[in-house]
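Chain IDs A, B, C and D follow the sequence of writing; residue 1 opens each chain.
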Amino acid sequence: MRALVKPAPGPGMVVRDVPMPVIGSQDVLIRVLYAGVCGTDLHIWEWDAWAAGRLKPPLTIGHEFAGRIEKLGPEAVAEGLLKAGDLVTAEGHIICGHCLPCRTGNGHLCVRTRIIGVDRDGAFADYIAMPASNVMPLDGIAPEIGAIMDPVGNAVHTVLEGGDVPGSTVFILGCGPIGCFAVGVARAAGASLVVASDLNPRRLELARAMGAHVTLNPSTDDVVGRIKELTGGLGIDLVCEMSGHPAGHAQAFAAARPGGRVNLLGTPSCPTEVDFARDVIFKGLTLYGVTGRKMYSTSHAMQRFLKTGQFDPRPVMTHRFPLEGIEQAIGVIKDGQAGKVILEIDG
Amino acid sequence: MRALVKPAPGPGMVVRDVPMPVIGSQDVLIRVLYAGVCGTDLHIWEWDAWAAGRLKPPLTIGHEFAGRIEKLGPEAVAEGLLKAGDLVTAEGHIICGHCLPCRTGNGHLCVRTRIIGVDRDGAFADYIAMPASNVMPLDGIAPEIGAIMDPVGNAVHTVLEGGDVPGSTVFILGCGPIGCFAVGVARAAGASLVVASDLNPRRLELARAMGAHVTLNPSTDDVVGRIKELTGGLGIDLVCEMSGHPAGHAQAFAAARPGGRVNLLGTPSCPTEVDFARDVIFKGLTLYGVTGRKMYSTSHAMQRFLKTGQFDPRPVMTHRFPLEGIEQAIGVIKDGQAGKVILEIDG
Amino acid sequence: MRALVKPAPGPGMVVRDVPMPVIGSQDVLIRVLYAGVCGTDLHIWEWDAWAAGRLKPPLTIGHEFAGRIEKLGPEAVAEGLLKAGDLVTAEGHIICGHCLPCRTGNGHLCVRTRIIGVDRDGAFADYIAMPASNVMPLDGIAPEIGAIMDPVGNAVHTVLEGGDVPGSTVFILGCGPIGCFAVGVARAAGASLVVASDLNPRRLELARAMGAHVTLNPSTDDVVGRIKELTGGLGIDLVCEMSGHPAGHAQAFAAARPGGRVNLLGTPSCPTEVDFARDVIFKGLTLYGVTGRKMYSTSHAMQRFLKTGQFDPRPVMTHRFPLEGIEQAIGVIKDGQAGKVILEIDG
Amino acid sequence: MRALVKPAPGPGMVVRDVPMPVIGSQDVLIRVLYAGVCGTDLHIWEWDAWAAGRLKPPLTIGHEFAGRIEKLGPEAVAEGLLKAGDLVTAEGHIICGHCLPCRTGNGHLCVRTRIIGVDRDGAFADYIAMPASNVMPLDGIAPEIGAIMDPVGNAVHTVLEGGDVPGSTVFILGCGPIGCFAVGVARAAGASLVVASDLNPRRLELARAMGAHVTLNPSTDDVVGRIKELTGGLGIDLVCEMSGHPAGHAQAFAAARPGGRVNLLGTPSCPTEVDFARDVIFKGLTLYGVTGRKMYSTSHAMQRFLKTGQFDPRPVMTHRFPLEGIEQAIGVIKDGQAGKVILEIDG
């Protein structure tokens, strides 16, 4: 079968022929229809320090996908909950189920997590093997949307953690694809005011298309000042930090109201200076680090939003390429004009 | 000044001239513009067992209102947070602030609660005195809507308690005014499916006008069966029991999904038989008794919904009368054709 | 191997020779050392309506046990987290992992739950097969204590659900083994006052041995009156209803304070009359139906309590019998003088 | 009356004669028996940048105290909940009750907070005036212990926020008086392992006296390494950062387990560098800034702990001085040998 492979340490990827995946007794084999290209795939393409420290080539890349079940292992068949032909997506974090985080509702923090396309073969291929327990039927959600339930799930996790979104004010700081999804999720969840910021005017357009009430550009707007104006001088209930920049952190803490919450998803590449006394302690803030998706309460809320159409990610889905078009896909992401980029593998 | 008074034990009320209220050092005097008529006022009009056991006539009736601040006590003036001329409403539960429920975030369950129009003089009058801490500026909300923030707050309390409304399925059982408000609140809070039931077709119309996706009439529909169909056989995440009927309780428990929640607001007039093993324990249900409004987190969420227009109660506001029209107001409530009834006192 | 079997519909059980269990690829085979006898086993012995409606004989009985891993399926071996020779216990609810309760943190309410000793072969036998994900290493906990982590877990679930036990007042209503365990769990979790009630003086002795500050006998004490005295007239923060009697429900609701919580574990055999207006709504109570153990946050807290000795169930462990002594074991449970009864299978 | 006064900007304080406080209609006048000396009082004595920026001398200092009610304002008398002669303490944060934090359960973050001894006259005096709603009857708690319910409350707030202390592992980083209290609170609340660290051996002694299972001194111990050993390599469930040092922050984040919590009370005097990706986001940590006490759920839990003796702060109460001994009191705090220091004003 075809697969997009990192053949050896170093930049780039190649489409090559690889053997079909072998499935275990509780696994399913999925024919991939669509896949999403993520910033992580860009790091892997470029072979940055993180990628060099973690990946063991040769490896098939890709962790966002949807497809059709082709075959099931004997115990997955016996279970009877999934069957060949089902349209599905899958949670890409494969976890041990035995460690303390797994045992206490934080499987997304499993100490033995193996991520598809990072720690084992991934989804930019004609077929992928997944444990049956990671597989979720699309149940009417279009497969090209099912293909991006991983990053949409990141957005849902970031917005919903800490509850109380209905009637609240939300500030989405950073409008890459996940930030834009977060705008739509906050609207679907009943936020009363959604403010979004980014340096890139094209991304602010996408944020508005997803329902942002107000967009701010730090290059021309006094972001914190405007947020204080919009909130009667008090600040924002929930800040979603999606930029990963130290300047973003400073704005996030300054924009949050006393007793507010800052959920941090954007992963910075360097340390940040924090004035804990002024910005966290005296304000009584709660900070929460977001990684992955809660398994599977995040997915459940997301599926409801997608099935009813309360949340529609399509305005953010700006580009589509065939598997062989990966270099162009990486290109449009790097030049900052893309929202979400989809690979049509067998779509 | 004019006041609608229960002059002595027994049915009925009269408009009569009474002295202006005297205010304490931390009180405010409010000129009443609009007031809402509640089912409780109907019990008081009819002088049922509850009313006879609790009220000490002569008493001015009415607990839902909005108005304009006329005067402030000297310490309320000094505080500087409210001023003459402000359009306001007020929480009608006056609490001690010292008992354990007050001290632990449950002021609405204060063991010394005194309710205006029930335990002390109320709002169906030209003026009312209120402690400054109970008063909330309308901040742009229209006064006729401000007048019903008490029952809207009941609906917000019922729907939001237990969190997790975004993406959830909600069943509103009983579509009196608070049930209809609850439909709108559930939609504003991001519910994915809102089902409403009532025996009265006129009320089901109002529920649809407030955004119910599906309405059911127990006289013709298999309510629990239809809810199972709508939820893949599983049942509803959150049931709001607003009817107070034993038949409603049975449907509520049967309609809730395993691990679901039943918030009970409708106050039954007789005991209910409950099969705790089948309906509560083996299903892992959570039941919660709703009284009043959380002071003041409920009001805060409600104000946000009202100011942004995410929630608009006006379709339910079907009738308006002057203070002297109280008998007609009581009449339209009793005959079941009214939604919310407003008294225009100085509107 | 030996197994205690319900051979056919009807009362009684027999020890007989049965084939060794077959294990799947992700299962483990466990040599049973100790097992606990539960009230459920009594219902099965007596073949009451519940048992007759649910069990499909022939079936090996028993769901509480600890033992030593004898063998692992190939994928469980590969996983490397469990190994032959490990002392372990196991969660007896085998769940699907795919239904909405499973996917949203309520695996104990899985719609496809299969319980060992009820829906599939159980633990009153020399060996039992279990899915690796249900197995928990004892990690230094004595195996005879490991054998009763199922009912201790019921107690932990009942006491900890709803949080806030530190500094709270707790009323344990019903002092069978799980009630007595609940007394000890409430003490370990920092409750300030633990009151326990039962009609059986022997059980009240056990409750005192587990740390109850006050014990009450409804046959001689005014239970609700005494609880009001002990709580400044207000009532109890958390009531754990472990009796399953309608009289227990009435006391539970009357004993709870405004804003309090009633967690219901005792399964009544008939419906109860509830005055929802007086007892639940106006008091703002939360009721919660307890079934099984939260998988696996309950187990995690329990293991910590057991390993540190903060909680020690041994005063309640009053009787031990060999597998062949099942009839005596059932006998001491029926006559009400036993606490927890253990079968020494290979101990 | 006597009062310990900061007469003018600059270091030091003086005991001088000042007029008796005037009380408002809902205030009470309290004769002070005991008062606690806090690190904040040291900052005020030394007139550091914070003190110079906030205090407006002349001002009576002191915010921790207990005493006897001498007189009540007319509306506080009418309320009937407090009376002359009652032994009481008081919450020292006087809040507006109207701002969003006040209205949503975060009165301790009121945007108009006025602290006694900082923003208005304090408790190092023969008498103090307090709003009745801030006053709490001691109800049997000894007045010298009642005098330190402010810092004990800080410890309770830090330990209990985020729940789930029963059965958890807790690391108290910094063993000044509040850190030592936190050790005792964690034990009272059912923690399974309490580790405490400080550079000062005398403070580690106090931590052991309060119940720390393990004490570590960063000058000789590998703190994070030892914590990993004690927790099976995983890290701590709840870190209470009481030191305010950047080195403490680094240890706090490194010591917390994936999915753990860091509650920050120690107020640093300079910014800290944080690696959010490694330390917060990938670990899924929750950070929470602790200021003051939750009004009044913190006080409620604390009163229960103190009344039952589950928590006893006396080992930490190392020194007592008369009001005139303030200079010695400040001296023993500065030289690091004191735990909690008490002023006996009329004790």
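In this text, a contact is a pair of C-beta atoms (placed from the backbone, for glycine too) under 8 Å apart; a residue touches a chain by one contact, two chains touch by 3 or more.
Fair warning: this is a prediction, and the values are worked out from it, not measured in the lab.
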| item | value |
| --- | --- |
| Subunit B and subunit A - chains in contact with each | C, D |
| Winner on C-beta contact pairs when B-C is weighed against B-D | B-C |
| Where subunit B and subunit D are represented by their mean Cα positions, the distance between them in whole Å | 40 |
| Touching two or more other chains - residue numbers and ranges from subunit C | 100, 104, 300 |
| Partner subunit B, residues of subunit A touching it in the complex | 160, 163-168, 188-190, 192-193, 300-302, 304-305, 307-308, 310 |
| Residues of subunit D touching subunit B in the complex | 24-26, 75, 79, 81, 96-98, 100, 103-105, 133, 296-297, 299-300 |
| Residue ranges of subunit B in contact with subunit C within the complex | 99-101, 104, 106, 108-109, 111, 234, 244, 249, 257-259, 264-265, 267-269, 271-277, 280-291 |
